[in-house]
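Structures for review follow.
Shared chain: chain A. Partners: chain B in the first complex, chain C in the second.
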Partner chain A sequence: MALELKNVSKRVGAATHIHETSLVLEPGTFNVLLGTTLAGKTTLMQLMAGLERPTSGEIWFAGHNVTGVAVQKRNVSMVYQQFINYANFTVYDNIASPLRVAGISAREIDSRVNEAAELLRLSPMLKRRPSELSGGQQQRTAIARAIVKDSDIILLDEPLANLDYKLREELRDELPKLFAGRDCIVVYATTEPSEALLFGGKTATLFEGRVTQFGPTSEIYRHPNTLTSARVFSDPPINVAEVRKVNGDIILGDKVKWKVGRAAQALADGAYTIAIRPHHIIPTNGSQEKATIEGRVLVAELSGSESVIHFDMNGQTWVSQSHGIHPFEVGSTAKLHVDVDRSYFFDANGALVGGAG
Partner chain B sequence: MNKTVDNKGWFFVLPVVLLVAFNAIIPLMTVVNFSVQETFGDNVFTWAGVQWFQDVLHSDRFHSALGRQLLFTGIILAIEIPLGLAIALTMPRKGPWVSVCLVLMSLPLLIPWNVVGAMWNIMALPDIGLLGKFLNAIGFEYNYTRRPISAWFTIVLMDVWHWTSLVALLCYAGLVSIPDAYYQAARVDGARSWAVFRYIQLPKLRHVLTIAVLLRFMDSFMIYTEAVVLTGGGPGSATTFLSIDLVKTALGQFDLGPAAAMSIIYFLIVLVLSWLFYTLMMRNEET
Partner chain C sequence: MLPIYWLLNMSFKTTNEILGGFSLYPHNFTFDNYAKILTDPSWYMGYVNSIEYVVINTVLSVSVALPAAYAFSRYRFLGDKHLFFWLLTNRMAPPAVFALPFFQLYSEVGLFDTPWAVALSHTLFNIPLAVWILEGFMSGVPKALDETAFVDGYSFWRFFLRIFIPTIAAGIGVACFFCFMFSWVELLLAKTLTAVAAKPIAAVMTKTASTSGYELGLLAAAGSLTLIPGAVVIYFVRNYIAKGFALGRV
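And now, the complex of A and B:
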């Protein structure tokens, strides 16, 4: 019961929303589509759902070509960023609505609605209308409506984006549990790398209408195949610079230089693009092999548990992210330590040639 | 919570109070003044009490004008609201045709009442008018100066032509404000177009429809120009609506007292019915 996208593309007028993409989503998996706004996450989901027809390519489900099949005839459900419910239905009727359309007996509807409501902790609110619920409860209702159908494919399009922090955390914890043990394909679109990491499962990184990489989430995070994938899967943004490898040294600009670490030992001398995650540049010197760099502090954001320092590195803005409070004066020069073993090296085409997170 | 009283606030409200006084309160009070007195001009007034109100409320002429008025407004609402809604539903939501449709729809709204009356007057002439000639040619005995049913038909047609656009544009504005995601969600649920209309579009249009009904009610209840231009309230008094009857009383017969009483009653009817409409439609919202 896998969903297969075979060389699918989507063009609208002169604009290409999705470039030729092939993906295979297995049943019982949680798949995250990770990318910025306009990367093509929503379009890709609409293609998967059958809400949009691909310009070229085919979509197969469970061994059948479903490319032209309307969404009503595919067993899919979708949850949106906006809280979409029928305004003049009660929560109960909202959850029951897809089952009623499907013509299921009242008794079965009742038991399935109650089960879904139980799962999403909506049981006390079944008689209320969506307008009498909090944002979190409205979205729970929409999610309940999606899972009550027992769909083969459940598409969640940034479902937590409109919720406030607390509710988002709460629902984020519950979501994977909801789908655990179900045989459906879950697709979850998000702009936040941290959400992908939290959910685990598989991740597809999207950039400008292309899936740049797809695989187990931790794998993608540790081994981004390209600089683009690494950039998509990093928040705060990953630090990038042009460097040269000469005689066992990494040379950045004309002042900064450090001994090559494990990451690039096997590489031939020459020019590379280096990428270092912000949490691998920290103010304290740990036990690992570290290089020391200096840069003028541009912005220092201190939250309760971490410090994010934006500093100038050879004309580019780099970011350091570390645990604890490390106060830096804006304009002062910060001394920071790079975990050189944990840097990535990309060749001129942007492909990964060395290094691991 | 302590609220500080700041009398300076009144100073800022004063211009509005003056404006409202000049264009609403003072004219209204003048009418009230006339409605309880007898006058023969020359600023000579004698007290008449509620005499005029009693006269108006017991007059058959007023009753039949009110009846005609209610019937007319009822017909207008029954046609224009569903028709406007239907037009709005068929209008495109995206693409180059949107602006074409919007311009075409707004054209009738830009034409003044008396011009609309004159246009249809000519168009409906039984001997040379396009509509009149056509209707007679296909076998209808159509003549708006002689047959009340023809006159009614023409005025209703005129009003529908003139004002359905307003309802359609209001509904259209309501419809385009519904995010695409709602339609998508309904499609994913497998809802048919009737269900989409009944459970997504209609609830979202409730406020807009309330406004449309109110506007069309108030406006059609005050219809004057079209009927005057077409037949002057005739044939006989077949299209003498409340406002025409009022003008005939006040300016034709110069019965200022009864006319003043009549306008107050007229005003109160519009006010009470509007309030009723509004509260009824808003109460539905809550339950």
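And now, the complex of A and C:
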């Protein structure tokens, strides 16, 4: 019952929304599509759902070519970023609507709707209209409608993006439980790397209409295959610089130099691009071998238990993210320590050649 | 308010009192004018005819405009913007331009002097207007609603009738209102395309004025009654109109 995209692409006029993509999504998995706005997440989902036809390539489900099969016949569900419900139906009728269309008996509809409403804690609101609910409850209604019909594929397009912080956390905790034990393929689009890490499962990183990498989430996070994938899967943005490896030393600019660690041991001498995650640049020096860098502080944000410092590094803005409160004056020079063993090295084509997360 | 008051004032006077001199209120208060209109078929049939073609026209215009507006709001096709604009330009031409072609055409096909003649000729102006109004309301509904319904298994027409139309009920109310009002107040085509059987009230009124002298009281009563349907329609759609204004299309 796997969903397979075979060399699928989507062009609209002169614009290419999805470059040739091949993906296999297994049943019972939680798949995250991670990418910025306009990376092609929504288009990819519409192709999976059958709402859009691919310009080229084929879509297979459970061993059958479903490329030309209408969306109504595909047994998929979709939840959008905007809270989409049928305004003229009650919550009950909203949840029941896909079952009614499918011609299921009233008694079974009733038990399934109540079960879904129970799961999403909507039972007291079943008689109300969507407009009388809070944003969180409206989105719960949409999710209930998506799970009630036992779809083969459930597509969630940034479902939490329009919710406020508190409701988002709440629903984010519940989501994996809703799908646990179901044999369906869940696809979840998000712009936030932290959500991908939270859900685990598998992640596909998307950039400008291309899937740059696909695999188990932690694997993708630890071993981004390209600089692009590393960039997509980092928030705040990953820090990038040009370095040279000369005689067992890594040289960054004219001042910073450190002994080659295990990250770059196997590399030949030459020019590389280095990428360092923000939380591997910290104000305190621990026990591990670290390189020390200095930069003029541009912005210093202290949020709760975390310090985020944006500083100038040889003309580029770098970010340091650390636990605890580390106040820095804007304009002063910050001395920061880089966990060099945790850095990534990419060659001139942007492919990963060294480094471990 | 003054002309409306004066109209009502006159409608309760006898013609002699109206012509006799200036009076702010009817001294010899009378319902005779209304009684005559409501009992004489040559009068009240005018209202029946008018309402008949106005209702036909409104239903026709809005039901044709609904799918058209959906196409304009949901699909991009070759020349869609030009077609949309061309539809609106129909609305800019004065009805007189079309009086002759319609007269000739309807005489040929035997539609002359029927409510359908007037109703169909008014669609020329009302369909573009209704398309324009409805397109605005439809574009305010996210396309994700359509997609959600299709994903849920709804066929296009089931979605359109069961979900989409109720969702844009306010827009349909506003479109009906404007179609109704245009058709109700339009005189030239209505008069040209009818003779006896389907004569609208406005035409009845002008004829009475010219044949049996000036029956001003009667005329005023007819005028007062003519205001009623408009007032009733406005009462029912007033909330929708407010919404329509808020959405910026009306």
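Going forward, the second predicted complex is superposed on the first by the 357 of 357 C-alpha atoms of A that agree within 3 Å, B and C clash if a C-alpha of one lies under 4 Å from a C-alpha of the other, contacts with A are read in each partner's own complex, and residues count from 1 in each chain.
Following the convention adopted for this analysis, a contact is a pair of C-beta atoms (placed from the backbone, for glycine too) under 8 Å apart; a residue touches a chain by one contact, two chains touch by 3 or more.
Just so it is clear, the model here is predicted, and its values are computed rather than measured.
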Review point. So if we stack both complexes on chain A, do chain B and chain C clash, or do they fit?
Key: clash
Check your understanding: Looking at the overlay, what does A:Ser97 touch: chain B (first), chain C (second), both, or neither?
Key -> both
Review point. Does chain B (first) or chain C (second) touch A:Ala87, or do both, or does neither?
Key: both
Point to revise | First (chain B), second (chain C), both or neither touched by A:Val71 | key: both
Practice item. Could you tell me which stretches of chain A are touched by chain B in one complex and by chain C in the other? Key: 46, 49, 51, 71-72, 76-78, 80, 82, 84, 86-89, 97-98, 101-102, 145
**Study point:** Complex contacts: residues of chain A adjacent to chain C
**Key:** 46, 49, 51, 71-72, 76-78, 80, 82, 84, 86-89, 97-98, 101-102, 142, 145, 149
Check your understanding: chain A touches which residues of chain B in the complex?
Key -> 179, 181-182, 184-185, 187-191, 195, 199-200, 203-204
Check your understanding: Which residues of chain C touch chain A in their complex?
Key -> 142, 144-145, 147-155, 158, 163, 166-167, 169
Revision key, fill the gap. As the complex stands, chain A meets chain B at residues 46, 49, 51, 70-72, 76-78, 80-82, 84, 86-89, 97-98, 101-102, 145
